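Two complexes follow with chain A in common, the first pairing it with chain B and the second with chain C.
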Partner chain A sequence: MNGTIKVRQICFMLVAYNAATKLLLYPTFMAAEAGNALVIPALVGVALQTAAVGATAYLSSRTDKTLFALVEQRLGRAAARTVYVLLGLYFLFLAVVPLVEQKNFIHDAYYETILSLGMLLPVFAFLFYAGMKSIKDAGAFADICLPVFAISLGAILIMSAGQGDYSNLLPVADVSAGVLGRGIIASLYRFSEPALLLIFLGNFKYRKGDAAKLTLSCAVGGLAVVATMAVFYAVYGPLARTRTFAIVNSTLFFSPLEHLGRLDLIAAYAFDLVVLFALALYVQAFTHCFCRAFGREDFNCLFSAIATAVLVAVVLIVNNKYSLLQRAAASWFFIPVIIFSYLLPLGAHLLVRGKRGGKAHEDGR
Partner chain B sequence: MKTDAKRLIKRGGAIVCALIIAALAFLFFTNDFGLVDLRKTSVVIGVGLDRAGEELELTAQLAVPQAAENGSETRFETIVGKGATVAEALNEINVRTGFYPKLVFCELILLGESCLDGDVFATLDYFYRNEYTGLTPKVAACKGSAGEALSRNLPLGVSATDAIIRLLSEEAERSANVSTVNLRDVGANGYSPSSFCYMPYITTDESQDGESGSAQSGGSQGGEENSAKSQGEGGGSRSEQSQGGDGNSGQGAESGAQNEGFVCSSCALFSDGKFVGVLDERLTFAYNLISGEVRHAFLRCGQGDDLLVMGLRDCRGGAKLALDGDSPTLKLSFSAMARVQDGESNPTPESEGRKIATEEELALCRAELEGLFRALFDKSKAFGCDIFGVRTQLYRRFRKSYEKFEGSILSDLSLSVEVKLRSAA
Partner chain C sequence: MKYSLKGRIEKICALSSSDDVMKFTFLSAAGDKFACIYADSIADKVAIGELIIKPLKLFDGRAEDAAKLIACPQLKDCPDETAAAGLIAEGCAILLAEGVGAIVAADVKNPPMRAVMEPPTQVAVKGPREGFTEDIKTNLGLIRKRLKSDRLEIRFLTVGKRSKTAVALVSLKDVAADGLVEKVERSIEQNEIDIIPDSSYIAGFVSRRPRSLFRRNSSSEKPDVFCAKVCEGRVGIIVDGSPIALTVPYTLSEDFQTAEDYYIVSYRATFLRFLRIFAVVVGILLPSLYVCAQLFKIQLIPKKLLFKIASSVEGIPLSPSVEMLFTLIVLEVLNEASVRMPKYVGLALSVVGALVLGDTAVKAGIISTPAVIIVAFSAICLYTVPDFVETSTLLRLLCLIVAGSLGTFGIVVLAAIIVAYLAGENDFGVPLLSPLAPLNARDMRDAAFKGGMYSLITRPSALGVKNKVRLKRNERND
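This part shows the complex of A and B:
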């Protein structure tokens, strides 16, 4: 592990990255799935994720060991390596949907011509570069991203909140159990943050109250998503399902833009950069897991290159097949998410013996 | 020494790498890789749609920037494309002219009379599917051909699209004179449980004269001439540049024949996507008072010597459904601050200085408004068009009773009108 990360930075990630990766297509997806009740399945998803993050954060209060050390201690080195390889692959898998969505977002929002894949080169160059960086650097990225995220999303919400008819959301609770269940299952793959917390385990100094801070941050990020979804549906009503990217479509009716031009796109660019850093965190997590699994911290460049190459290949394969990817994601992506983001953090509790020792931790020093 | 150099190279390399990525990312996010050759594209500012049998005729009004000695001028041209759908018509323009019409800057979609026969959403389908249009263009229907309306030469180098957009401005909307809607409003209403929509119904000065006698400035005779000219040049044409290309500043005003304008004070109604009728000027005004965000409207009350025009400010209108047992009631409410603007009675120095309405004048104004609202309600029933969004309210506020009342609510609906006018202090 190269250095440690601060709790503040993890909180920033749980607010900014958590919301940013969900706000590209999730609002449209839920509008199509649940109509005016779109916020209900989203709230359930946020509650599930926040509970799982809370459980993982609580785990960090019980031990100062990394997940690798915990597994190695109880199940042996081979098991620890296997878990880390699988976890690394899982992070790469999690990057696929947001990456393809970001590609589509850039195409729809900024380009009038068909986007050639060569234009994504800077994105992959950045992912490769960021993937080589340590978890400590990921924390530094989060320090930059949170204010960018807060300002950009704030500006977007200010521009769009006044343009909506909130009676479009009525009747709010009018959602059948079937729709609710389908909506939650089909979108659970977007609520995968608890797994990210696993790789930070043992890599930050836990102080009293940190678990609450982490849980609260996750809830704040999730509620930002729900609020944006509500505004988006208020703006478009039954047409919300036809508007693919809430972030750039909600602001369109802000009347000053008629005279000033699309100044809202500056906020969208900034927001998009946060999505890019969120994607980079997945590559960093992959590199970190593989470096630990193979015991070669100096191979970060190689593993980052492998992760980037895999993502390039995936984008090449699913290019123009997004609906296929979305169908697959809605149908079975929830399985690995339940295993790695929900069961694994809970299962990790079984690996911890007794209570966390050390007076310093107890005192919060 | 060697270690220092290594560290310097490493740090320098990282900085250079970061700078390259930042530069590439900037170019990437700002679309500088996707350079667009302006000579191969065209900026469509307005689109007119007409049906000729099974075919759809799309008239695109283009803004063509021209270099000039003192800055730049804009020339307006219209191009006609035909096809089974909007997409096919746009593609035909591409095939015939070599450039693809971009709808990013499209401000107006004008539906010709022939488009009102079918399902309006089938005609507008392309714009709802197209991400680039953005649902911001204003939508209007017009009497006669939309292509001809867009092809008209107007004074002062103004394009027909600009002229119509000005009439549909926010200011006009806030004075309750026009029912401005954009694609989003049309779709949101059309796909709501009420399944209705409305849009301004545009006529030319001459036709408005013939119908209701109230018209804006402009020569009707000239309008006929110009209309005929448009028909000759633009109608059914597949030419690359049909006409209207010489709308440079000043050129359009050279004859009275080109001096006519548009009138947008009435409103076309649609139910389930089908055109059901037109609300006249007075009922459109009443509808705007109830449903729009009106800031300052002028209302004519009384007749003869009692005629006076009241200014209504701080207007608040609303249509609320109430369900008492099995009897649904629509409560139309309107409140405003009323002020006397002018009148027909013999003015005296005392009356000239008086703007505060008396109780009698307020009562006259109230009666006028109540009459208008009742007439509007009767009209909506006659058209079978849920213009007050009653079914949508039923769905949103009385979800459990929705299935029970959905089918019969419009016919069973009773009306209560409440008009509150207060005199300006």
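This part shows the complex of A and C:
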């Protein structure tokens, strides 16, 4: 199975999906939490995430085994299965906030009305379908999504960058350390990419310098988020906390749109396509983990259906309680993120003995 | 008598059971009795007379040696009368002699065929104008004319229980991926069918997903295009009776390439390729986006245009989606009728369709002017890539239905599903979206872009070819 996904494709994911899942409501949320210093908690989050991705990427330079094989080798099959089941559930957990934000985005950007949840059925149909696809296919999706992401976000930034007053971001020093600290804690749950790298472990051929590429890609994705947030706050200033969905609202004052119509929405819709694939990756990751944990690669359809059903249930429960979800996310969601996205990759280092290729054990798959 | 001529003639005629099977008996100079049996509709009677009957009438040797005199280059021995009947059906003339057991078949078939001419579906302004015909031998001749390599491999298969259609697999031995020809051969041979009237039947056999909306093979009527694809490492399929040759493995980007791209300046070719991609996207999405804008997101339309549209749609009794669907269906009906009708009626139909129906429907207030303009522009856009029209017209209809019910959001999800489907598909191990997904920068030089001649020095790597280099430049000091 080694070599089913290319390092380039993982890099693309770390740029496009990393940014796509954060850019729906995160800028508004951070504007509310940290005011004009919104980029600082984001930069801290990006730095932490990039460091963790770097550590996970370094792990891939030390072993060509999957996480499952590593755990199985040191702790036994039962432990490996448990880790993969927990990891799979963690991916579903990670999908919740972006999915609910996506639901709100659909209402706001596509319809401007609150629609019945039945209108979301196509999203779940897509998640179910894409969730059945293999890791190799996930790589192919990333190849398509990166140019879409780059063009759409590029167009949005070009249209909005000139409309902002960047002095709105100053003075950063005025914001107290307590506010910044709260902002960092409250937003940490969004910086969870290192866990995704764990499931790709052993599924790509590592070459010298790949760890640096992966780390750099994560940083680029994170910086794209920071840049968009800065432009958003520059455009709206203190009002940013009341304006949802930066990618749709930042471009509102671009004067040519008066004559051309809201062409920026086409870019936003293209961006949303990337968000859908980013969400699908969580379902794919869940399916992959459960298939591996139960040793049934042919059950991908069942596990994808289970993941989709769980997400449907969560959306039905949360539905119009986004603020409640947001409060919960801000107060305790960072705990599982620290465990699975930060401590688990670091812990995985302890499972690797010797150098890559040396004392190689057969992959347990 | 052991080998009675009369008895064997009767047996073969009974097996052939067709009124166009003719028999001709004659005596040689030595007085031996011979018979020649052939199918009148397919055999060349002049060749029979000149190559078989004339030399035998002058022959005064033993009847057993008569076969040596036949001047036909393709002679076969038939084991029995049943095989002889089969060969008659294929166009051979069967020669029998009184008291001689051997049955000789001479290939003298001359089926009706048309001359080599410019293919009507792939007209070229620049470049070769020859096109394939329905005759497999002529087509292979056109290929041999362009590929004089001793590495050119042509494998013949016979497909069709009743039609026994000849199918030729054309490849370059030192280029095509290992085992590719065998895979194609197996995928064709594992099917038993009565008749192969056209290469599109074979297209269904070589596809991993024959029910897919997206085709899985490239087709061409032009030998220059066919040969270029074989040189890239693909396997060509020529079917007797069809002027359309196939090549596999197929990538979606092939549909957006034309032969002329390689005969004009690369910048112009790149521009045209982007234009085709843009046109197809616009052609598929424009009617649905128009409906979405009207129903769900009016801000997508510029204000001035919005006022124009508002005045046009005022009083139209149909909803935007039903109006667009109706107009599209009218277009499809007109398109279908104009293709099927005789040419002289087709012209009148165009006038009736475009002027009378379109103009009157707008004036009567049944459909609006923007709807007619959008549908017409969409149709023109889609025909910039004629090979993709079968798929794109259906996608346009699907998008319209989704747009009418779910709006732009539905189109985004539909696009995501289509992308997810296409990105996961491959035939003969070659991804359908290659070189876009998986991304291959080198192959991209001949996909959406069209690089100059010297940037296309390697064959597409997605095809897994044995010999990667297709262009080598030898530096000269002078």
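Definition applied: the second predicted complex is superposed on the first by the 352 of 365 C-alpha atoms of A that agree within 3 Å, B and C clash if a C-alpha of one lies under 4 Å from a C-alpha of the other, contacts with A are read in each partner's own complex, and residues count from 1 in each chain.
We adopt the following convention: contacts are C-beta pairs under 8 Å (C-beta built on N, C-alpha and C of every residue); 3 or more make two chains touch, one makes a residue touch a chain.
Here the structure is a predicted model, which is why all the values come from computation and not from measurement.
Undergrad: Under the stated touch criterion, which partner chain does A:Y236 make contact with: chain B (first), chain C (second), both, or neither?
TA: In the superposition, A:Y236 contacts chain B only.
Undergrad: Would you sort A:D272 into first (chain B), second (chain C), both or neither based on which partner it touches?
TA: both
Undergrad: After superposition on the shared chain, which partner residues are touched by A:D298: those of chain B (first), chain C (second), both, or neither?
TA: Once the two structures are laid over each other on A, A:D298 reaches no partner at all.
Undergrad: Looking at A:L252, would you say it contacts chain B, chain C, both, or neither? Reply first, second, both or neither.
TA: After superposition on chain A, A:L252 lies in contact with chain B alone.
Undergrad: Would you mind listing the overlap between the chain B footprint and the chain C footprint on chain A?
TA: 106, 110-112, 119, 122-123, 125-126, 129, 269, 272-273, 276
Undergrad: Chain B touches which residues of chain A in the complex?
TA: Going by the criterion above, the answer is residues 106, 108, 110-113, 115, 119-123, 125-126, 129, 165, 167-168, 170-171, 174, 235-239, 242-244, 249, 252-253, 255, 269, 272-273, 276.
Undergrad: Please give the residue numbers of chain C that touch chain A in the complex, ascending.
TA: For this pair, the touching residues of chain C are 296-297, 299-306, 406-410, 412-417, 419-421, 423-424, 431, 433, 436-439.
Undergrad: Using the touch definition up top, name the residues of chain B that touch chain A in the complex.
TA: 17-18, 20-21, 24-25, 27-31, 33-34, 36, 102, 104, 128-129, 131-132, 134-136, 170, 182, 184, 187-188, 191-192, 395-397, 399
Undergrad: So in the complex, the part of chain A that touches chain C is made up of which residues?
TA: 6, 8-9, 106, 110-112, 119, 122-123, 125-126, 129-130, 133-134, 137, 139-141, 143-144, 258-263, 265-266, 269, 272-273, 276-277, 280
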